[in-house]
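Pasting the structures in now, so scroll down.
Same chain, two partners: subunit A is paired with subunit B first, then with subunit C.
Up next, the complex of A and B:
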């Protein structure tokens, strides 16, 4: 028993070292911009760069629109599949997994061919439409995470009985979704939303090939031309992602209580 | 019966090739409490769900208060329903749960608050308004579900096995409370259960269901004492079934293990030589020949179980075994297995099963 615990700690330490040593090395390197002393110069340069602020804000706004689009598509779809079409679940799960299998570059080339200026849906004809196409692409990329998060949330409540209880009390579909279903899967939706946020903030391929001024291409551009700033940017991006994950944990404390989640 | 408030007419329900409800007919008077009693899979919940609007009948119609509601959506029927699994909304407080239907109906906040307080008083939980469902016991949750169902003043109350998830003690107290609230509000109610004691104790009438059909509809007294079919007799209460042969159809004479019993014309068209299933409730039988009992059979004590206040005795009569209970008497020792014994009963209590 004691020997088992010892090896468990060894494996844990090796795993932790595998993740943390590169991270610590990157932090250390990002602080060595000033010769002979540690400093936050690289961070000051990055955060003071107007392009950093512009591209970061662009990606934040794109992420918010992606989350809204994702919630509007995924919540009603996952709800309806649980309620009325459970036989379609395997098919829908397969479809939602496709963005993990098909590389983003293939998807974006497909978009460029399909929605060029000669297309009946000319998404690439102007910047606003291209931004919309980028958001649609991001919603596709985040589909595996958003669908699974919402579906897991729906699994914790008795969707059918709650729906019927609301129906018999006179509620229509919009009331049922907004007042009964959504509040009870809100934490699951938020989990999906923060995962979506993390994906969109660092996404490079789609934004680059659609020529959008997003944070991902900016990261790549800085990485190719500077020494210390890319390391600082990597740490900033990492902090944002971890911030999102922490928010999921904090917000889950405010979830509606239920028999499944009494504490 | 007065003009029925709920009329279920020739209703049938099929799922693909499987028919779960067949030609179901029932009229329910205003303010009446009717139970659907039957084993799992007999179609009782399906009929209830058709009345609620969650299932559409394959044929037939459902009329409430003179209006055909067969094709109406559940949210257009003004029907209240209590579910087995409580189905309280976990994100809403008790008060918000009770007020849900009122808010959907567009009532003012003051009117909702007043009605919610009234409902909390009726279910005797006035201090629970701000609690969440997870903070309540099962019995309290089901009371809240009942209050939520009746708050919008529905025309009809449907109870889908509301006591099944509760422990025995709470079940008894809550069923009495449900009945008392139903009487107070005079609301027409359908109650689905597989528990015969529940159905017998609180219903005005019971529809005993089997294989998608109503085998018998009657008062608890009729269902228990005059079961119309073998299934009803077996399903409701404990029953001793004896095989008998008609020896003289005209005078109602039947032979059980070569012993003759006269049933006084209850043979319902059977001919001499026919084999019949005869049934006796344990409480109708006495050990030994008793005054007032006009029929008797002789047999042998097969089993004796001393249960304290009661002694359960099984008497073998040829190939039949009859079970009966006698009260413990400190001056009389219990019967001994293998002893010869007579049992007696009133021939009027013997039922002929079909």
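Up next, the complex of A and C:
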């Protein structure tokens, strides 16, 4: 077993090298802007850039709307399937996997052709509607992650008993979902939300093809025109992804561990 | 559970008039899932079907196979893509062939397959090392956390990171040159090439493999190892006759998932290589932006081909997954 442990260390060290060298190199490159000395000039320029602030805020807002839309679509459906329509589960699981099968560029291509200015539903006719279409596209992309997160959360609570108890106490459907079910799966919903945020914040394809001033197209534009700023932006983007994943990890510690009634 | 709901229904049927119960139940039964299905049909299924039908139609909306044939037609893409420095089919400079849509598919398949295979084997090795290698516990949790982050660190920023590492002025390139005297670019390496792109994709492929395959390796029961040892098996025999057959289906399934994952990706490649390495999503991107093929329906056909390839890949994935679940319960 001793040689086994040796090889395990070798594999781990090689993996760590492959994953950390690009990060170190990017940090180093991002600080090379001032000649002859390391500095944070690139970060200062990037963070002070008005377009950075505008596009970043645009993507944050788009991500927030995506999360709201995703929750509105996924939570009632996942809840209802657990409660009343378990026979629909395979169909819904299949649909939520489709965004992993159909590339994002194909989905947005379909939008552009189907919801063009001359179509019955002209999403591309004005900016507000196109923003809405982008949020819809992002919600589609995040569907697999959101559904899985919410469904896992619902598995750990006893949906049927909670619902019946609420009904006996005279609660209507909207009260049951917003005041009984949602608080119980809040942590699962939040993990789905942070994952959605991480995916949406730097998304390039959809935003670019819908001509929206989002963070992803801005990144691409900077990459094509600048030398040191892209490296600084890559580090910022990595930090955002890291932040989202850490929040998910921290949240998972608060999630209920045991399933009250596995079904 | 079913008994309970049945008896509930039976009671409800006895106490309330059936017609009344039905009229109240029918609409609410579908109420909860209606938004989901309306959304999925409008923004996922119909747009995809629209493209797939468009792939088999001409401008007059008549049925045709011309668009599909067009994919296999060499000169189409040459309108848009002049033969560029780095060539297409064999990635050696100077051996320049006319670019075609087919060549773009082919290079996409090659990059996806190469990055999936490299990612899968490396990811498997890392997973085995952290689960079975007797490493300290914190390494396992740190690796899994990092994998969660790195598997989502894709797109444009990843391209920046690799340009800063292996670009002409990247840290790794410079250190190799100054310290070891090895000039990467003089030896034919280029970040804007097949291997450059593959090496970059591997950065999100390995972590994805680690995240997916670690539970499968956890699922290998200790008893199997003990049983094999009791029966006198060597370590090599245990691996060859127990571990590999059990892990194989989920390994293959994940390879396919990684393939589909790389095949649809565009942002990393676009930011890394611009249009000097035209994988099929970049060709489709150019077509959507500016109808570079001068035939809208040819764009539909390209999209159809992409769905076909990732769709087929996922059929295999589901098939392998159901096979692996038999053992790893």
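The working rule: the second predicted complex is superposed on the first by the 237 of 263 C-alpha atoms of A that agree within 3 Å, B and C clash if a C-alpha of one lies under 4 Å from a C-alpha of the other, contacts with A are read in each partner's own complex, and residues count from 1 in each chain.
By definition in this document, a residue touches a chain if its C-beta (ideal position, glycine included) is under 8 Å from a C-beta of that chain, and two chains touch if they have at least 3 such contacts.
What you see is a predicted model, and the numbers here were worked out from it, not measured in a lab.
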Q) subunit B or subunit C: which reaches more residues on subunit A? A) C
Q) Should A:54 be classified as contacting the first partner (subunit B), the second (subunit C), both, or neither? A) neither
(Q) Quick check on the superposed pair: does A:169 touch subunit B, subunit C, both, or neither? Answer first, second, both or neither. (A) first
**Q.** Which superposed partner A:247 touches (first subunit B, second subunit C, both, neither)
**A.** neither
Q) When the two structures are overlaid on chain A, which partner does A:113 contact: first (subunit B), second (subunit C), both, or neither? A) second
Q: Using the touch definition from the top, say if A:132 reaches subunit B (first), subunit C (second), both or neither.
A: neither
Q.
Quick check on my understanding: which residues of subunit A belong to both its subunit B contact set and its subunit C contact set?
A. none
Q.
Can you tell me which positions in subunit A touch subunit C when the two form their complex?
A. 1, 4-5, 7-9, 11-12, 15, 18-19, 21-26, 28-30, 72-74, 76-77, 79-81, 83-85, 88, 92, 95, 97-114, 136-137, 139-140, 143, 160, 173, 195, 198-199, 202-205, 208-209, 216, 219-220, 223-224, 230-231, 233-234, 237-238, 241-242, 244-246, 248-249, 263
Q.
For the complex, give me every residue of subunit A touching subunit B.
A. 157-158, 161-162, 164-172, 175, 179-180, 183-184, 256-259, 261-262
Q | Touching residues (chain side subunit B, partner subunit A) in the complex | A | 52-54, 73-75, 77-81, 83, 85, 87-91, 100-101, 104-105, 132-135, 145, 148-149, 152
Q: Please give the residue numbers of subunit C that touch subunit A in the complex, ascending.
A: 1, 28-29, 31-33, 35-37, 39-40, 43-48, 50-51, 54, 122, 125-126, 128-130, 132-135, 139, 143, 145-146, 148-150, 152-153, 155-165, 169-172, 202-203, 206-207, 257, 260-261, 263-267, 270-271, 274, 281, 284-285, 288-289, 299-300, 303, 306-307, 310-311, 314
